[in-house]
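There are two complexes below, and they share subunit A, which is joined by subunit B in the first and by subunit C in the second.
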Partner chain A sequence: MNNGTTRIAGTIVTYGFVGLMAFLSIFPFLWMLLGATNSSIDIIKGRMMPGSALATNIATFFTQVNAPLVFWNSAKIAILATVLTLAVSSLAGYGFEVFRSRHRDRIYSALLLTMMIPFAALMIPLFIMMGKAGLINTHFAVVLPTIGSAFVVFYFRQTTKAFPSELRDAAKVDGLKEWQIFLYIYVPVMRSTYAAAFIIVFMTAWNNYLWPLIVLQSNETKTITLVISSLASAYYPDYGVVMVGTILATLPTLAVFFFMQRQFVQGMLGSVK
Partner chain B sequence: MDMRTYLPRFAAIVLAGASLMAVTAAQAKEITVWCWDPNFNVAIMKEAGARYTKAHPDVTFNIVDFAKADVEQKLQTGLSSGTADALPDIVLIEDYGAQKYLQSFPGAFAPLSGTVDYSGFAPYKVELMTLDGQVYGMPFDSGVTGLYYRKDYLEQAGFKPEDMQGITWDRFIEIGQQVEAKTGKKMMGLDPTDAGLVRIIMQSAGQWYFDKDGKANITGNAALKAALETINKIMSANIYKPAAGWSDWVGTFTSGDVATVITGVWITGTVKAQPDQSGKWGVAPIPALSIDGATHASNLGGSSWYVLESSAEKAEAIDFLNAVYAKDVDFYQTILTDRGAVGSLLAARSGAAYGEADAFFGGEKVWQNFSDWLAKVPSVNYGVFTNEADTAVTAQLPALTQGTPVDEVLKAIDAEVSAQIQ
Partner chain C sequence: MALARRGGIGRYYNVNGWLFVAPALGLIALFMIYPILWSLWMSFQSGRGMMLKFAGFSNIIRLWNDPVFIKALTNTLTYFVVQVPIMILLALILASLLNNPKLVGRGFFRTAIFLPCVTSLVAYSVLFKGMFAHDGIVNSTLEAIGIIGEPIPWLTHPFWAKVLVILAITWRWTGYNMIFYLAAMQNIDKSIYEVARIDGVPAWARFTHITIPLLKPVILFTTIISTIGTIQLFDEVYNLTEGKGGPSNATLTLSLYIYNLTFRFMPNFGYAATVSYVIVVLVALLACLQFFAARERDR
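Now for the complex of A and B:
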């Protein structure tokens, strides 16, 4: 009886806490969805019910923003950054773990230390470099500094520790060259790792704000995050339109997440234990 | 799949993608402008550009819009890196920050003193872009202030529009108490985390956080002290409706909860966005302090255009600004009608839009009034650290409302400002 009461109280506390946390994380999302259906004035007045302005807001968004171009810019940058980052940084992480050399761990520590430098400190020198290379206002300049990501190298090196060295040995006996081992053995086995890294890198690239802002100069090259920032900073922002833009900008990352989540699970099932 | 044929193909795709991303370089005689707000500055600059292109078909415009903080960030990075081709030809800078850029990056902006006739502009606007006798920049929108009031509420409380003209702050508070007693409405909305009202009151008496030489002017600043005392009186008389943030503050008058609004002229569009309140509003000059140099005119916000010295199209950019912003009275009528923008060119008042009687304000010629007040806004030196000083004031406002004596609040603000600017 006493035990039962305690258990019920515990359940209530647990669910209360979980419920509160769920509310805290869902509320901004709900607010965004409701905001998209209301006029700016209703949003300012604090209206929390579905409104009738959704069609108007969508129409205004598409007249004010060259949406196909802006989304194409964002997608181009995110996909290129993800593919190149995964290719370069997974090779580096694999190399760091598999090949032994005298200064390997010192170089690795130095690489990890670069994660401690805030991007704001790198911005101006990086900008000067891009200026000298004539890359200002190109999407390539946005992608280039993100390719060699210390975090992704670190992530791949850590997961490579679980990659059985027997597989490498067996492949060598079968006469595979190093790059063949990487491509035919390592990459398929590490599918789950790639899937997780894909999600992380894609989201970072899609939501990247500061560096694209600095390096992109014209309306034709701007990404969706820059456009939303510009809409939201008007003297009288049309919050309904901003919310429509935010929802549209969230969809691709959501899609990638759900799609890759399945891959992630499949990769886990198929990986060599 | 055979990897030997696959790999070169993959490489080719990557290379093709990279070359696709290169963007065609800007054409000659294209003037690039950076500014914020698609419905205000961007739209107005497009109108100005279209007018100039009509007369000079060889000059075209590329108006790029970024958020205000983003324009500042990009300008700062571009100027710091010394990468000139990364900068626009013309950039919009908020007036409070103008001296910061002019003094931090000497030689970065083109002086326009020889070209532009500055005597036609509101003097305070010219003063804020002057450094060492040179005037940089083209004065643009003004935040000349007014006292917007609900005629219906004030009438219920026994006040006529004449009673609102040329009042002091003490009288304003008295009226506020009457209004609440008779109508149950508060006199004004007040956001305790926004120092905007302090700035309005201070500048109306010709003072600022900094003196003419740019030195901090806090503890001996009679206008700042009187401004804080006024806020204190408003609070202890409890004639305000508290607001949490900008949107909430706007809500205090759009919802009809308060009887007056004291702020920059740019709020007119928001006031008029409530058609059901048409005919119920009037505009009077803002209340004055009772100290030396007190006036009924002030300013809140506003920004101006600057030409980059490194610009390849510098001559065209300057000629463009001069032709449209310093001479085209008709342009100012269009931007007033379409965008609600009040420029700083005093001659604009002679145009048709400025002479119109506004039915929303019961047929008052509000734009003529604002134009009168615009010419009277006292000139002050916004200095390099206005934003830092503002933060210090905001941080000390709660102490003021909790009963800390004004002199001690001033000392605390002074200490914080000195700490921040060193």
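Now for the complex of A and C:
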């Protein structure tokens, strides 16, 4: 009897706690969606009902922000960074795992150490380098330093351990060259690894803030993340417009998460495998 | 692979191996190794803009007499000393509750708690800034249910501004850590829990005596990456405080201070590089800690 009561109390506490945490996790999303339909004053006063200002907010957003250009900038940077990072890192991950050479392990350890380098210690030299190369205010300057990523190389090497060596041997017997084995056998076989890495790298690039903030100074080159930040830091921010912006900026990553949840989580966990 | 060590074939293997790894190594050397060495060199120099002169240890001495640096350092340390343990514990409790297959709707709960991870750091900071405004939804709700009598000055009081930063980071990253623990819990033999339950071990003791010891490696890993992340905190504070780290530097972090020294005030690359090396040293210390802890574990 007593035991039963404790168990019921335990169940109530469990559901209460988990439910509360789930609610708190979702709440800001709800607030963002409702916020887009309300006027700035109502949002700041904490109104939690659908309002009638959605059309006005969207219209204001599109007059204040050159939305197509801003999204094109974000997409261009994210896609370019992702494709190049995946290409370079998968080549290296495969190379480190498959080929042996005298200093391989030492170089690989040194490479992993670079994961620990904080970006704050790189930004001043990188800024000077980009200035000297005449690349300030270009998307190239945003993408370039992000392509070489020890983390993504590590991720590819870890997953390459599962790549069957029989496939390589068979391909060699058939007379394929090394680059052909990589391109025609490794890449298709490892496509789920590529998918998971794609999600993580794309998200990082799409959401990147500090480096673009430094390098992109003109309005024509700015990304959606920079635009939201500057909209929200105005002296009197129009929160309805800010909400429209955050929804639009979050939509791509949210969509990727819902349609590719398994690869998404796999990518997140990549580092502990 | 033994063949690889012999003569001609060995060289063939080597050349191919190097070709595959060369682009990544080249890029990392150019955009990480070279800049990190350059900023080390810079930290021993002083001057305005690009007019730098060798200055020995003067930048390091300046650190200890710079109240703003001390403030940024203590803030940064406060963030991770307070925030990381709270978040890790919360994530562990959530993971062990959600690991129970009998829990109805656990798929929904898991997705919901993970959802904050899809937002960009800027987007959620901006949302939090609005939610925690003086008359905002958080204050009005807390007042309505009678927890507080008057609005909490989240953005204008030094203490509450720090609390807000900590709340915000915890919201964004708890689900992320939880996913790591849930994945690790898949590898724990369920029968251990069954036996403990039959022996009358209460749930809390099962959590502290079975779950936590078995998850120690993952807990260590997530603690280190969370700490390293928190040491580098920038986006949240910048966007919650209009780039100022206010009120009166109460939320200023090391990264934000470096940014201000370089791009907002009269640029002083040498001194900014010295501050950035404080972060390098902190991260390196933590990485060593992880390395030794991991070696201890393997023994």
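A few points about this structure:
What we mean here is this: the second predicted complex is superposed on the first by the 236 of 273 C-alpha atoms of A that agree within 3 Å, B and C clash if a C-alpha of one lies under 4 Å from a C-alpha of the other, contacts with A are read in each partner's own complex, and residues count from 1 in each chain.
In this text, a contact is a pair of C-beta atoms (placed from the backbone, for glycine too) under 8 Å apart; a residue touches a chain by one contact, two chains touch by 3 or more.
Remember, predicted model here, so these are calculated numbers, not experimental data.
When both complexes are superposed on subunit A, subunit B and subunit C clash. Within the superposed three-chain model, A:55 lies out of touch with both subunit B and subunit C [touch as defined at top]. By the touch criterion stated above, A:76 is placed in contact with subunit B alone, subunit C being left untouched. By the document's definition of touching, of the two partners only subunit B reaches A:221; subunit C does not. In the superposition on chain A, A:137 makes contact with subunit B only, while subunit C stays out of contact range.
Using the contact criterion defined above for the overlaid structures, shared-chain residue A:173 touches neither subunit B nor subunit C, since it reaches no partner.
Put subunit B and subunit C next to each other and count what each touches on subunit A; the higher total goes to C. By the touch criterion defined above, A:22 lies against subunit C but remains apart from subunit B after alignment on the C-alpha atoms of chain A. Of the two partner chains placed by superposition, only subunit C is touched by A:118; subunit B is not. Contacts of A:246 after superposition: subunit C is touched, whereas subunit B is not reached. Superposing the two complexes on chain A places one of the subunit B stretches 23-31, 59-67, 77-85 or 311-319 into subunit C: stretch 77-85. Common to the subunit B and subunit C contact sets on subunit A are residues 43-46, 123-124, 127-128, 210, 214, 229, 232-233. By the touch rule above, subunit C contacts subunit A in their complex via residues 1, 4-5, 13-14, 16-21, 23-28, 30-36, 38-39, 42, 50, 90, 93-94, 97-98, 103, 108-109, 111-124, 126-131, 133, 135-141, 171, 174-176, 179-180, 183-184, 203, 218, 221, 225, 228, 231-232, 234-235, 238-239, 242-243, 254-255, 258-259, 262-263, 269, 272-273, 276-277, 279-280, 283-284, 287. Interface of subunit B with subunit A (complex): residues 3, 14, 17-18, 21-23, 32, 36-40, 62-70, 73-74, 77-78, 80-83, 85-86, 88, 247-248, 250-251, 254-255, 266, 269-270, 273.
Put simply, subunit A touches subunit B in their complex at residues 41, 43-46, 64, 76, 80, 84, 123-124, 127-128, 131, 136-140, 180, 183, 210, 213-214, 217-221, 226, 229-236. Contacts from subunit A toward subunit C in the complex involve residues 10, 14, 17-19, 21-26, 28-29, 31-32, 35, 43-46, 48, 88-89, 91-92, 94-96, 98-102, 104, 107, 111, 114, 116-129, 144-145, 147-150, 153, 178, 182, 203, 206-207, 209-210, 214, 225, 228-229, 232-233, 239, 242, 246, 249-250, 253-254, 256-257, 261, 265, 268-269, 271-272.
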